[in-house]
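What follows is one structure encoded as structure tokens, with my remarks underneath.
The chains carry the letters A, B, C and D, assigned in the order they are written, with residues numbered from 1 in each.
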Amino acid sequence: MRIAVASTIVLLSAGTTLAQTREAGPWWPNPAWGAGDQAGASNWITPDKVLEAVGLVKAGKIYEIGQVYEKGMPLFGRRTYALLSPGSPTYAFPTANRIVANDEFVCGEIGQVGTQFDGPGHIGMKVKMADGSTQDVYYNGFTGAEMYSAYGLQKLGIENVKPMLTRGILIDLAGYKNLPNLPARYEVTLADVRGALARQGLSESDLRPGDALLFRYGWSRFWTEPAKYNTDPPGIGLEVARWVVARKASMVGSDQSGTEVGPNPDPSLAFPVHQELIMKNGILNIENLTLEELARDAAWEFLFVFTPVRFKGATGSPGRPLAIR
Amino acid sequence: MRIAVASTIVLLSAGTTLAQTREAGPWWPNPAWGAGDQAGASNWITPDKVLEAVGLVKAGKIYEIGQVYEKGMPLFGRRTYALLSPGSPTYAFPTANRIVANDEFVCGEIGQVGTQFDGPGHIGMKVKMADGSTQDVYYNGFTGAEMYSAYGLQKLGIENVKPMLTRGILIDLAGYKNLPNLPARYEVTLADVRGALARQGLSESDLRPGDALLFRYGWSRFWTEPAKYNTDPPGIGLEVARWVVARKASMVGSDQSGTEVGPNPDPSLAFPVHQELIMKNGILNIENLTLEELARDAAWEFLFVFTPVRFKGATGSPGRPLAIR
Amino acid sequence: MRIAVASTIVLLSAGTTLAQTREAGPWWPNPAWGAGDQAGASNWITPDKVLEAVGLVKAGKIYEIGQVYEKGMPLFGRRTYALLSPGSPTYAFPTANRIVANDEFVCGEIGQVGTQFDGPGHIGMKVKMADGSTQDVYYNGFTGAEMYSAYGLQKLGIENVKPMLTRGILIDLAGYKNLPNLPARYEVTLADVRGALARQGLSESDLRPGDALLFRYGWSRFWTEPAKYNTDPPGIGLEVARWVVARKASMVGSDQSGTEVGPNPDPSLAFPVHQELIMKNGILNIENLTLEELARDAAWEFLFVFTPVRFKGATGSPGRPLAIR
Amino acid sequence: MRIAVASTIVLLSAGTTLAQTREAGPWWPNPAWGAGDQAGASNWITPDKVLEAVGLVKAGKIYEIGQVYEKGMPLFGRRTYALLSPGSPTYAFPTANRIVANDEFVCGEIGQVGTQFDGPGHIGMKVKMADGSTQDVYYNGFTGAEMYSAYGLQKLGIENVKPMLTRGILIDLAGYKNLPNLPARYEVTLADVRGALARQGLSESDLRPGDALLFRYGWSRFWTEPAKYNTDPPGIGLEVARWVVARKASMVGSDQSGTEVGPNPDPSLAFPVHQELIMKNGILNIENLTLEELARDAAWEFLFVFTPVRFKGATGSPGRPLAIR
């Protein structure tokens, strides 16, 4: 399986004569949601799915599974995060009620810092098209030419994604391995995933379309050590990614910065899981979670809530993911 | 009642000799949540309240009740919102899988632009203290001296507020008045609120502690006309605010920029409802909603979901409020 | 002349078979400064030119010819400018000397807001290359492929431009026309320029290589009315631009937002003077000046000082241009 | 002398009964420039001073003595600097001339990052006033109450400072000590300064009012090692600062982040030289220079040029300082 995937990728990148156009290509139009769809696998979240997920709430207990945003948290590459308080206070009115008020000012790659949710416009591929041109192609065949602007994406912006209220499943790999965290660079295998599910009393057939699959690697324990956190995290590879696709998940998530193993064991590939999930299948991805409390409580199944902020044209979203039981 | 409130405010601002200190003053420590509490009325959202709210979901239908964030939307005062796409694409890797990836860069008063949720550190008052000093005092008696820093609030930051998953009640005032929108500067009366509830088949006794009370004025129809939208919106005044306090609401919200009538009919007061709710009682406030679809569906009661993003030290939060039935 | 220019442009854009490559094309390599040069016409500012310019200072009088930067000033397109004061004060140290200190926080298109100096990486053209590809080509043949990154230009960044200490010449067109300002959309003719010089007791032969030529249209009187300021300013067109090139000016400048007439009388051209000067000839351009005081004093010749801030990879620079006599 | 200074500071901070008011206090009104002045020692730069300085240019040679601004450069405290290129290109017009154009987007503490010039509003002191209140007091007695706003300083903003075109003097302390750089934490003594001047063939009497005095410690060699650069730099202390005041310098500068020794040998004082120079005397300060080339050329005296960008309400300015001979 894995070889086939890599072959497809190489085939595409080698620019052999394929008939792909904006209208049709190897991963577009999307077979499930059709040409023009921009919501990706968030489409799985139908009223029935919401009802199923809400039905999991038995105790009313809310778990915070995202991180707090603050300067000094791990950032990828050259990204920035700064929060300033203007004025202190920002306003003071000379009225009888002597009101004072505060703002905050933030700058940074707001959808791609801290706990971050990758939208459908985040990841694409340079593809040789039938007309000889090379184009950046994204989910459902949208091209850079259609999407790019200086002031946000014209297509596949995060505002197209539905709110993520769905059934969440924790897949506790560190627990399965009986380790505080998986080792650096470890690629989680499908056997690991199946073993972890079995340990939790679940099997593959318990997973249902639209579920949010959250992988616990134990990596969040290094959150306060950015250099370590950012280096060579364990994670899933293409084998598990393809299994995720087959499960028809709406999204994945994990307690490291990219969900997938970094770097990929195949040195010719950069972030191929992102392409497999987001680009080819519109399966979304939330990163930099903390899943420790869920694991301690053996909370394997829950109502998952994440509401991507509709910053028009953004590639992703910050937010506050919750697991509720 | 109204007079008494105004008197209190004037009394405080006149600096008469009161015994107020950091430990005790007219609105602190908070009688419900105790000294030191920073979560305010989000504390109403207990497991039981979550269960009650989740139990309202019968159809799995999700209503989007927030606005999309984009340059050109109405902004208060001198606030800023800009979103940039660096690079287009931001990254391109020369690997076999030829991946490209995008970020977005945002700057602005992120918790106080667009659909915005006012946290407990947003609003305070200059108060003459027993030691003769004048201090900025906020919810539960926290002072500017404790809170202010250049890089975010040290106390009462939005990260202290619990996720808002609670029972939501729409109070459709425009519908009650049979108008597309209430007139500019109109102060909603308690009689209006009671009339609107009655029209919806509800009475005061149907409201329960921890509910989110959302006022529909019809003002969101001017969202695309920032100058009009920002000028003199209708809204509740101190009379209704005190009734909200008595209802033990966790939060309020509305389809204009401040929920309260602007300007206040009493020209000596600036944003007194903000003080009454947020500062004195920790009752939170979400602004710039759009409640049209809820009203059309007569969706008066629902699961309300808003998850304030935990930007450490922020005064508020952007987000994506939902009503679910 | 004009026709020829337009023809060249159309020819290029039509993509006829030209031999242009990265190494050679219609405007590259630059005949004066050679392949690889990134400093453009700032190269004219040799030690001798500095001595010539400094020699013009007889009275030691400094004229401020730039605008102050502040929120609310005219901005082009969707640009942003915001300045915040964090903290107030930002820092306070509990030492015996009880020091307090302030910062400011700025965000915006820093080299392209307010008084702005266009660097060599600001303006280019889509060109059909000999290999069939279409590339963005800039001054001296540098291509987008070489220059673009998400975090600043890799080539032709403003840091490559030499400090502008040179002889400045004011060309007072509004004065020549005896108007407070030239009319909107007026294209300054070469005859106008010659007339204005003659009125000032200068002729074309008094201009020397490396001079900074500043055009006064009188348009800065609308600086405080952004909508008017931004609409259809008078300015030079291609006729005068070509004359500027022949004069071997190091730079131009003016008291409107683009120096050139807007829009161009030929509706098929957008900002062609920018291409003629910056892209083809590396002649730099400072915009949004105020030249009123110079005109009042009949200060036609002076030491011009502008020191582009070396923000690495920036397309332009803010700053404080001076005329000194 | 030193003791006296420290005493004054302690006296002030102890809050003993002094008659200081907004109108008069220990360092205000400024005896040289009078009440209300906001330009500080830039007032020394009169037409005569400009003529004197310009007269130093004999060869037309320009030395760059500032650093390039880029992400990763040393930053003080929690400051931020980021530059983004939106779009790549930002604009592309579908006109016959197929123009493309670029912007850059910057965010950060723009006047207090990289090569930075401290304006008169940067540094103050908490002072006990005659009325019992404690106020932040700045140059010429301006108080925080007058100055602070969320959107820039209302008084003493950088826009009040005159362009710095003056006589510059390099005081090469590393050269005098025959070291590549002075040791960490070394406080330069007055004897050192006099020795350095003597080595350069200069004496105290060669210094004149309005000169810019630039101290070379050799510290810029650590510019590319931010952790080292930011830790315990050598620099002048109060002894030399008082001598600078007596020299009536318009400004100082150096090749480290604060010009003064860090930390001060007296642990009860934080940045006292900043107070002595900027706050008490309006003597400005440019930091993070690179003076190596000047030293190599024994360029001790020159035309110094620095034009603070007039960001309204800013505490300082970035820029491109030059030495010209």
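Of note:
The definition used in the following text is that a residue touches a chain if its C-beta (ideal position, glycine included) is under 8 Å from a C-beta of that chain, and two chains touch if they have at least 3 such contacts.
Computed from a predicted model, the values in this text were never measured in an experiment.
Residue-number overlap of contact pairs with C-D passes half for only one option from A-B, A-D or B-D: A-B. Distance between chain centres (mean CA atoms), subunit A to subunit B: 29 Å. Remark: subunit B and subunit C have CA centroids separated by 47 Å (rounded to whole angstrom).
Note on chain placement: the centre of subunit A and the centre of subunit C lie 44 Å apart, centres being C-alpha means.
The residues of subunit A that reach two or more other chains are 71, 78, 80, 82, 84-89, 91, 103, 105, 107-108, 148-151, listed in rising order. With chains as nodes and touching pairs as edges, the resulting graph is complete, every pair of chains being joined. For subunit A in complex with subunit B, the touching residues are 6, 9-10, 12-13, 46-51, 54, 57, 59-62, 64, 66-71, 77, 79-80, 82-86, 88-89, 91-93, 95-112, 121-127, 136, 144, 148-153, 159, 162-163, 165, 268-272, 274-275, 303, 305-316, 318-322, 324.
By the touch criterion stated above, subunit D contacts subunit A in their complex at residues 71, 78, 80, 82, 86-87, 89-91, 103, 107-108, 148-151. Considering their complex, residues 78, 82, 84-88, 105, 107, 132, 150-151 of subunit B touch subunit D.
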